[in-house]
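Just passing along the structure, written as C-alpha cells.
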Amino acid sequence: MQAERAKSDTVEFDVRTDEMLINMGPQHPSTHGVLRVVLRTDGEVVSEVTPHIGYLHRSAEKIAEKLTVRQYLPFTDRLDYLAGMNMNLGWALTVEKLLGQRVSEKTRRLRVIIAELNRIASHLVAAGCFGLDLGSFTPFMWTFREREKIVDLFEEICGARLTYSYLLPGGVTAGPPDGWFGRCEAFLDQFEPVIDELHAVLTNNAIFIKRTAGIGVLPPEMAIDYGCTGPVLRASGVDWDLRRDGEPIYTEMYDGYTWQVIAPINGRYPDDHPYPPVPPEAVVGDSWHRFFVRMLEVVQSMYLIRQGIEKYSADDGELDKPIEIRKKLPKGEAYLETEAPKGQMGFMIVGDGSAVPWRVRIRSSSFCNISPLPELCRGVLIADMPAILASLDIVLGEIDR
Amino acid sequence: MNARNIYDLLLQPFRPWLLGHDFEAIDPWIEVSGEGLPEIARFLRDQDELAFDVLHCVTAVDYFEPDEKKAAKVEWQPHLELIYHLSSTKRRHRLVLKVKLPRWKDDRPGELPEVPSVSGVWSTADWHEREVFDLMGVRFLGHPDPRRILCPEDWEGHPLRKDYRMPTEYHGIQAR
Amino acid sequence: MAELLISISTPDWLAHIIAALVQCALLLAIALCSAAVGIWLERKVSARIQDRLGPTRVGGRFGWLQPPADGLKLICKEDIIPAAADHILFRIAPYISFCAVFCVFLALPFANGWVAVELNAGAFFLLAVAGLEIFGVILGGYASGSKWSLYGAMREAAQVVSYEIPLGLCVVVIILLTGTMNLVAIGNQQAGWFFNWHIFHDPFTFVTFWVYVTCAVASSNRAPFDLPEAESELVAGFLTEYSGFRWVFFFMGEYASMFVVSALGALLFLGGWNGPVPIASLLGLTPEHGAIGGWINTILGPIISMLGLTLDPAAWIGNLLGMCNFIAKAFLGMTFMIWLRWTLPRLRIDQVITTCLKYCVPIVSAMLAGVMLWSFFLPGGLFAALTQPASFPRSAWERTDSTLRVDGPQDVGEMQEEAGTRNVTALRSHAEHGNEGNIQEESR
Amino acid sequence: MACGPCQVAYNRVFGLFGGERSGDAEGSGRDEAPMRNWFRNVYQAVVTVSLALWVCLRYWFRTYNPRRKTFTEHYEYPELPLEIFPRFRGFHRFNLTTCIACERCARDCPAGCISIGKRRVEGKKGFQVSSYTIDYGKCMFCAICTENCPADCIYMGSSYDLSCYSREGCIVDFARLPVEVAWGQATLNPTAVARSKVVLEPVHGGPNS
C-alpha cells in the first residue's frame, strides 16, 4: 500500500509554473470551521495538501478525567454539534456497556427515533453545505429550514436546540410530551417531497454532477485502510453499517426494523425507493456518491422513524430513568463505536472503581474521515477542494475535540 | 472468531512477544510487546482468517497517580498503556491489542518512551499516533510524519499525562 | 439640448458642455438606479426562492431603501488598503471597472433614437467596451497582493477569453439577420407584434438567444459563472481585499453590467422598446400620428413650438412608453439572471472554458449557418411563414415593408449595399418619413 | 459495408455518436463517443437546469400564498417573542426562600459555574443563603443542577436572551435579584413552573438588566 501511495505522489503537469503555497483556512468560508489546509499549487492545480487541525481543541478527553460520566454527557454534545443526540447515545451506550446495564425495550425504541431524527438533521446540513461549497446557496436554506423543524421537535422533547443532553446513560431525562409523535410524523410527511426537490436542484443537476462525479475518488481499500467510516466508507462500496454489524448492545436497538444499509454494491443501490438514477460519470467512491449515500440514508432513517413510532406506541413498557449522577464505575475498560451520522463514533472509558473515569478516549469519525484528504486532493483543481471537503462532511468540533 | 482463538493463532509464531491477555474483560485484549508490534499487526491484517483490516483507534492510558496518598493505594506500577482497537470488515470480529510502556524511557524523566509505528500497516495509525505522541508523549519509531497534531508545534509537555501541569502563559497569552 | 441652449443665447462651447454633462448625469442616474434596483431585486428574489422575506425594514414593508442603506453603511466603512498591495492600481481598479460599464450606457439606446451617442457600429462598440470591465477586475485582483485575489484575477482572464467569442457570435447572428450594427435600427426592425422579435424569427435565433443568455451571465460574472469571486473557493476572489467605497464600485459595476447585458439581450432578441403588443402604434403615438397621437399633437403641439422646440409630442410619449418597456425587459432579464444564480451551483474554471468554447461556440456557429440559410429562404421569419403560408414568401416581403421602420441617421446608399435586400424597403420608408421626434436631433 | 475504407469512414462518423453505451456503471463514458456525449451533455444541462429553475420558481411563488407564507415569516422574533416549549432550558429560575444551601447543584455542575454563599442563622436550623451566583459565561444549560435539588428550588427558565456586554455581566447573583425576576411572574408554586414558561410577551428585564 505504501508503494502505491509513493507512486501517486507525483502529479503530472502539462505546463509547469512557479509553485505557490496557499493557506486555505482557518478562516476560509468552506473549510467547515477552523480547519487549515496548506495547499501547494501550480496554477489552479493542487499538488500537495497538508491539513492542520487543532484550532478547536478543547481538551475534551482531559475534561472527562475530572467529571463523572453523567456530568460529562453535556460535553459529548459539543463533539459533533450537528448530531448531539447521536453523541449522547454513543456515550450512554458506552457507559452502559461498562456498567453491564441494559435499558428497557421502550427506551431503545425512543433512542432509535431520536437518533435517526438527528441523523436526518445532520445529513441535511451535510447536503446543504455541499451545495453551499459548490456555490449553490438555495438548497442550504431549504435544508436548514427542514433541520429547523427537527430542532423544534428536539426543543420540545429536551429543551435545547443544539446541545441536547437528552439520551443519558440508563435512560432519558423525560419521555416525549403528548402529541410529539404526531408532530414527528407530520414533519416526515411534509419532508418527503423536499427530498425530491433537493434531488432536483443538486443530485441530478448537470453542473452538480460535473463538479462532483469522479472527483476525490476514494477506493474501498484505501477507505478501510484510513479508517474512514459512515457514509464516506459506504459510498466507496463497502457494505458496512454498525447499526447492523456493530456490537449487540447497539444493534439490538435496531432489531425488528426493516431498513437497508445504503452502499453501492456492484455499482447498484438498493431499490426500495424511487431514487434518481446514478449518472454515468460517477465513479463509486467519488464525491457524488458520498453525497448520494447521505441523501438515501435520510430516506432509510425516515423508514426507521416511522417504524420506531409504531413500535413505541405499541409498547406498554416503561421508560428507564438515567443513572445516578455519582454512580461508581467498575474497574475495567469499555470501548464502543456507534454509527453516528458522520461515521463511527467511538468512546472508550477506563474505569478505576470511582465515579470519575480514569481515562476517556474519543475516537472521532471525522478525524479519520479527513485523514485521507492529502491523498484525495492530490492533483485536483482548487475548486475541487471544497467539493471533496464537503463530501467528507467533517465537523471540527469532533476532529479537534 | 473470539479473542481466545486469535490468541491461539498468534501463539504459534509470536509466543515470546505475547505478554498477557484477558478474555473475560468487557473488551477481550491481548498484550504484546512493543518490539513485536509491527509484525503482529501485519500478521493480523494479512492472515486470511484474521483479516483485521480496520484499525479503529490508537489510545494511550497513563497509569500514574500524582497524588502521593492515593498512589500508595493503587495496585499498578506507573506505566503507559497503548491500546489498539481492531476489527475486520470481512470476518466481523474485534480485538484489542495492548502494549505496555514505561512512562519515561529508561526512567529518565523527559525521555519519551518509544514504540514502533504501525502506520505502515494501517494508515489510520498515522494521525492517531501523532495524536498519542502529542497528547500522551509516546515516540513512534518509523512514523512518516512525527509532528504534533492538535497542540501547536511549540507546545511543551504532553497534556493527557496525569502529571501534566497547564502552563500559565503561552506566547504572552494568559492561559489560566 | 445644445440647440435649445444656443437658442437662448448661450455660447456654443458652453452649450455643448452643459448638454454633455446633462446627458452624462442622466445616464449615470440610470446606471446607478439600475444597480440599486438590481440589488434590491436580488435580495428580494433570492429571499423568496429561499423561503424567506428579505429586507423588510428599511423604507417600508418591502425594504425599498435597503440598497441606499447598504451603500451608506459601506461608504462609512474604513477604507483598507493592504500593505502588500500595489496602491495606485488597487485604488483605480474599481473605477476602471465601473467606468467601462458606464461607457456602455453611452451607446445603449433606450427607445427609438433615445441614445446618447448613436453609433453605426453600436453593437460592436457595446461588446468592445463591455469587455473592458474585466481590466478593473484583473488589476484589482493583481494589485491586492493576495493570492486568493490573484487567483480571482487569473480566472477572470481565462473566463473572458472563453465567453467573449460565443457572445460576439451571438451578436453576429443578429447582425446577419438585420444587416446593420446600428442598435437603434436593430430595435426598430422588431416593431409590431411580439412575433417580429428576433427571438421568434426562427428556431435558430431562439437557440442563439439562450446561448446569449449563457454568455451574458458569464460576462457579468454571475453564478454559475462567478468564478473570479467564488466565495466558497477563493474567499471572495478579486474582492477579498476590497472594502467600503471601492467595493461598492465593483459591486455597482457588476449590477450595472447585468443591466447592460440584459438590455442588450432585450434589444437584440426581445424587440427592444417594442412591446409584445404594439400599443404605441395602435394608439397612434408614432411619427405617423394615429387617432390619439394626432389628438395629443393638436393639444401639445402649439405649446411645444412656443417653447421653440422641434418635437413631436405624440411620438415622444410613444418613445417614453417604449423606454419603459425596454427597461422593464432589461429588469426581466436581470430577474432571470438572479433566479438562475440562486438555483445553480458554480462551474469549475475548466468547465466554464469547456462550456463556452466547446459547447456555446459550436452551437452558435451552427445557428449562424442556420440563420443564414433561413433568412435567405424565409426572410420574413417563422411566424410570417406560419400565418400566411399560402402567399409565402411574397406576403412576408410585404409584411416587412409595412411593419418595419428604421429610424436614425444612416447613409441609405451605403446601408443598401451592406444590408440584405429585406431591409432595403424598410430603409426607403425611413428615408421618406425622415426622423421626426428624435431626441437625437434635439441633443445635437 | 464491404470495403475497408467505407467501414473506417462509417465508424469514424457514427462512432462519434456511439453505437452502444460505453462502459459499465463504474467506467466513465467520456471518451468513447464524443459526439453522442456532447449532445447528451447539452440535453442534460438544459433539462436539469430547467428542472432546477422550475423547482426554485415554485418556491418563489409558493411563498406568496397567504396561507403558507415564507418560512421565516412565522417567526417575528424581534417584534414578537419566540414561542418556546415548556421544557426549554434558558436562564435559571431560582427560589431563594426554599433553598437550603446544600450545594448539591454546585457540586453536580459539570462546568462548575454555581457558587453559593451561606451563613448560619442563630437559633435556627440550616443555613441562610447570602448569595447564589451562576456564571453564565461558563453555564452550558445542561440542567444537571435542577435534577437533584432536594428543595426543588432551581429550574430552567424560559429566557433565551442570553447576551451581555461584559464578562462580569455574565455572573448573576440570584440572591440580589428581585424575586419576580429570579422566580418570574411571582409564582412560587413549582408545579406551575412548566406552564408558566410559555411566555407570550417580550422577555425583558432579565437577570442582567
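Should a chain be cited, it is by its letter among A, B, C and D, assigned in written order, with residues numbered from 1 in that chain.
The rule is short, and it goes like this: a residue touches a chain if its C-beta (ideal position, glycine included) is under 8 Å from a C-beta of that chain, and two chains touch if they have at least 3 such contacts.
Note that the coordinates shown come from a computational prediction; the quantities given were computed from them, not determined experimentally.
Across the two interfaces under comparison, C-D and A-B, the one joined by more C-beta contacts turns out to be A-B. Taking each chain's centre as the mean of its C-alpha atoms, subunit B lies 38 Å from subunit D.
Taking each chain's centre as the average of its CA atoms, subunit C and subunit D sit 46 Å apart. Remark: subunit A and subunit B have CA centroids separated by 26 Å (rounded to whole angstrom). Between subunit A and subunit D the centroid-to-centroid distance comes to 17 Å (mean Cα coordinates, whole Å).
Multi-chain contact residues of subunit C (touching two or more other chains): 49-52, 342-344. Looking at subunit D, residues 41, 49, 52, 55-56, 59, 71 sit in touch with two or more other chains. Taken chain by chain, the contacts fit none of the simple shapes, being neither an open path, a ring, a star, nor a full set of pairwise contacts.
Within the complex formed with subunit C, the subunit D residues making contact are 38, 41-42, 49, 52-53, 55-57, 59-60, 63-64, 70-73. Listed in rising order, the residues of subunit A touching subunit C in the complex are 20, 22, 28-30, 43-44, 131-138, 141-142, 145, 201-202, 205, 207-208, 210-211, 381-386. Listing the residues of subunit A that touch subunit D in their complex gives 67, 70-75, 138, 142, 145, 148, 155-160, 163, 165, 173-174, 177, 197, 200-201, 204-207, 209, 214, 266-268, 278, 280-281, 283-284, 325.
By the touch rule above, subunit B contacts subunit A in their complex via residues 25-27, 53-57, 59, 61-62, 83, 85, 89, 92, 94, 96, 120, 122-124, 126-127, 135, 148-152, 159-160.
Those residues of subunit A that touch subunit B in the shared complex are 1-2, 53-54, 57, 59, 61-62, 97-98, 100, 222, 224-227, 238, 240, 245, 247, 332-335, 337, 344, 346, 348, 350, 358-359, 361, 363, 367-368, 371-372, 400-401.
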